[in-house]
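Below is one structure, written out as structure tokens, with a few remarks after it.
Chain nomenclature is as follows: A, B, C and D, assigned in order of appearance, with residue numbering initiated at 1 for each chain independently.
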Amino acid sequence: MVLDVNWAVRWLTLCAQAMAENRVWLIELDRAIGDSDHGENMDRGFQAVLDKLAEARPETPGAALKLTAMTLMSKVGGAAGPLYGTAFLRASTALGDAAEIDPGRLADALAAARDGIVARGKAESGDKTMVDAWTPAVEAAKAAAADGAGTVLGVLVAAAEAAEAGAVATDPLVARKGRASYLGERSAGHRDPGAASSALILRAAVGAAA
Amino acid sequence: MVLDVNWAVRWLTLCAQAMAENRVWLIELDRAIGDSDHGENMDRGFQAVLDKLAEARPETPGAALKLTAMTLMSKVGGAAGPLYGTAFLRASTALGDAAEIDPGRLADALAAARDGIVARGKAESGDKTMVDAWTPAVEAAKAAAADGAGTVLGVLVAAAEAAEAGAVATDPLVARKGRASYLGERSAGHRDPGAASSALILRAAVGAAA
Amino acid sequence: MTRIFDNPADFADEALDGFVAANRGYVARVNGGVVRSTEVPAGQVAVVVGGGSGHYPAFAGLVGPGLATASACGNMFASPAAGQIYRVAKAANAGGGVLLSYGNYAGDVLHFGQAQLRLNAEGIETRTVTVTDDIASAPLDQIGKRRGIAGDLTVFKIAGAAAEAGLSLDEVERLAIKANHRTRSLGVAFDGCTLPGAVAPLFRVPAGQMSLGLGIHGEPGISEHPMPTASALAELLVSRLLADTPDHPGNRVVAIVNGLGTVKYDELFLLFGKIEKLLTVAGLTVVEPECGELVTSLDMSGLSLTLLWLDEELEQYWADPADSPAYRKGN
Amino acid sequence: MTRIFDNPADFADEALDGFVAANRGYVARVNGGVVRSTEVPAGQVAVVVGGGSGHYPAFAGLVGPGLATASACGNMFASPAAGQIYRVAKAANAGGGVLLSYGNYAGDVLHFGQAQLRLNAEGIETRTVTVTDDIASAPLDQIGKRRGIAGDLTVFKIAGAAAEAGLSLDEVERLAIKANHRTRSLGVAFDGCTLPGAVAPLFRVPAGQMSLGLGIHGEPGISEHPMPTASALAELLVSRLLADTPDHPGNRVVAIVNGLGTVKYDELFLLFGKIEKLLTVAGLTVVEPECGELVTSLDMSGLSLTLLWLDEELEQYWADPADSPAYRKGN
């Protein structure tokens, strides 16, 4: 398995599918502690990404991610738009114009994405945001890549599993960033929608490589 | 049976009762071809009449009806308010300060009431308004009074029965006055609310004398 | 649903008190309604409007320079009583006579008519122009039977501007009559409104349906239709009004898209955009339009389109400044 | 329910087009929003506001002399994108720099923040004041985390008046910050609103209940209560806001009773009357209040009370004239 532009396009296509399929679920998560639009935002955003991809036919994984970044930033008015936008942009920069991605660079790109989210949103671990999915994912990815025998698929699997665990772990947390923070203690007992969608995105990356 | 001020007060009390009991029915009639408030208007108006009667303790039937007229005019914003107000006012004038009412004067008072409604509302027979209850009532009352053996009770019964028949006869008519006239042909097949409440008022007059 | 009250029976009164409290710079309370709190020049014609409550900005919200001089305010959807109207008109009279103007409903006609008799009997010269803009309520050949809806605004505005310009009662009356003759409205409703304290709406429109020509107190409409697209609705309203064009229309019109209460601003604007295009295609020029909530019916879901066909003098009085709690224009 | 549209996806855009068509004397359309169509004096600070659509008059309805210079307009309840904001601000800039002001929501903060970076990088001096008036959204000691609701109006009004008075960007920013620091709001909701094309409301409040502190996009409230009387509601709102009084408050306040969409005018006035009395009893003088629909949320059933504690300069800028499609004051 090589992670080339075809993988990137498959990934983004699977992201769009996942957002469409989980639209209602993400909306329900956001209804509990936000404003009920996260599913709508993500679905609309990734549908727009698909349209752009079909038009622009990028030639490298980095170019595909950059297009994704620009589209999410301009189409998604919710907080998730600029955050994911920055994540994809930083990841794209980390990939440069490489035609194929090796495990080390993959882990670096994931770390860059996470750092972008933190830089924009200023959330810390435990604030009950998408960062709580991304940070464990980045750590798991780094560990998998550091293992001499690590493959890109292995890195992706590690990241996705860690993100899923991280999303689940947001359930008991009290939100300190984003719309859910208005609720104070009432935000505990609900999963953070952005952490949930982050896990979906990383799971889609595995699907595209499998 | 004499029609004195006690009768008049009983009559107005029974009117208030009838309006309260038929509030919902009159509202439903008005919902079909008007603005759903006739029952509300009549109920509110006659409750206010009761309050005034308790305060003012009129000494003649004419005085009781005058008080009723003033109260309905100032409390009922719908078309029925000024129309019934004028009716009671004209009847009160016809009664003068007589302490008791004989059959002839009773018929005259009913005719004066009807003429007042026509003078204010300019409706003709067959326009599907309260006039279609009052005109047959006045004719029946006059006939009953003209009969040498006629009693006040006989006049009242004749008037009430004719008003009821007149109200029923509005069902097939197309309205040419009032709010129902906006509906044109669509107003046919419904009873006129004002004709219905007029019949209730004249029926109450019988009850007060019986 | 109408929810904010202590005792439903006091609703209209307490709402009017609060309105005055929020608008002391414009209006003062009098027994039966409100009058301008600003000075009215001596000899100016008093334009006294009014009707039932629940239609804000109609009627109290339209009191101010260049618009109404005073408003008689009845109970919810119920005409003010003749005595109220009489007292309000007396308070408003500045020596120039009184023009009574209100929507053509039997209850209002009877009460205002009685007040007019009394005012005239006292030597306060009083005239009446009832608003009859709703084309759904009677055919064109019986225009005098039509009821008044959002066309209240055009008639009051023209009359108010004429009075403000110092015109005589004859002239103010003439212009108000002309404005009314050249104003046409048509409304649609999607759902009913609930009076304070009532357990159910005054009426309902079945889900997914639209009632054409439904009155602002829930009087039944002339026909029911499946809910159309905005474009189809714009077409329907424009074509029906244009089919009812007054004589000597000219090609300049004021267009007013009015929300009855819960059709909100974005929806009204969206519809207005489509209506303006259709009017332009029909060869008309839209002059100083309005789009908003101008004559409402509590929280009724509905809207109406009003057209006023201008001539030179009407255009001038339409454009003149006005300044009231709910309606302002120019300066 | 939001019913008037052709294609729900085009709703916000078509509504904005219609808004501009109805208000050509005030605004012109630019890519991403609207700017004043009237001349802005060279060197005047541009007050650029904005946010999601569905809150009319916020934000496009508040563009005009003495208020905002331009508004960036996002999709329904969604922040405009950074690129839109950037373009609108560039179009608004008259050489005096740009003040960005908007409600404190993460999406808006991120997008406006990015636009600010880009504007500053191009040499257009740009500052930001986010509105944080909603006391339900965070405790007083975390005031910077609070979100913005109807307090938008006080902050925009003060900033707009300061800009109109020719003040520098530093001063306009200082006054906007001060206005925000002295503005508090609290809202309640009785029922949800429905986005165009959606089959169900964004949220529901159980019948007979009231949600305290519910956000204007349906963010859950801080507590639920049985529907109170108007008097009890007035008490609740006033006492909570007074418990959050800013430092050095003085005793002169602007009070704004704002309807979210389907709590109608008579209800708002009735409540205002009671609130004004309570504030007076608390020793405060109510200065030039507002009562109406100022920051809405489609057809949401809810309302809020906003207090702005004045000092001398704030009172002056609050009283200054303003003239926009939906908000006018003085002349």
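Here, a residue touches a chain if its C-beta (ideal position, glycine included) is under 8 Å from a C-beta of that chain, and two chains touch if they have at least 3 such contacts.
This is a predicted model, so every value here is computed, not measured.
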Next on the checklist: Is the structure still one piece when subunit D is ignored, or which groups does it split into?
Outcome noted: A | B, C
Checklist entry - Which chain's C-alpha centroid is most distant from that of subunit C? => result A
Checklist entry - When the centre of a chain is set as the mean of its C-alpha atoms, what distance in Å lies between subunit B and subunit D? => result 55
Next on the checklist: Counting only Cα atoms for the centres, state how far subunit B is from subunit C in Å.
Outcome noted: 33
Checklist outcome for this item: Taking each chain's centre as the mean of its CA atoms, subunit C sits from subunit D at a distance in Å of 29
Item to check | Graph class of chain-chain contacts, one of line, ring, star, complete, other | outcome: line
Next on the checklist: Going by the touch rule stated at the top, which chains touch which?
Outcome noted: A-D, B-C, C-D
Checklist entry - Where on subunit D does subunit C make contact in their complex? => result 1-6, 11-12, 14-19, 21-22, 25, 53-54, 56-57, 61, 190-191, 227, 229-231, 233, 257, 261-274, 276, 288-293, 296, 298-299, 301, 303, 323, 326, 328, 331
Checklist entry - In the complex of these two chains, what residues of subunit D are touching subunit A? => result 52, 74-75, 77-84, 105-107, 110-111, 114, 134, 136-138, 145-147, 202-203, 215, 217-220, 222
Next on the checklist: Going by the contact rule set out above, which residues of subunit B touch subunit C in the complex?
Outcome noted: 31-37, 41, 73-83, 120-121, 177-179, 181-184, 186
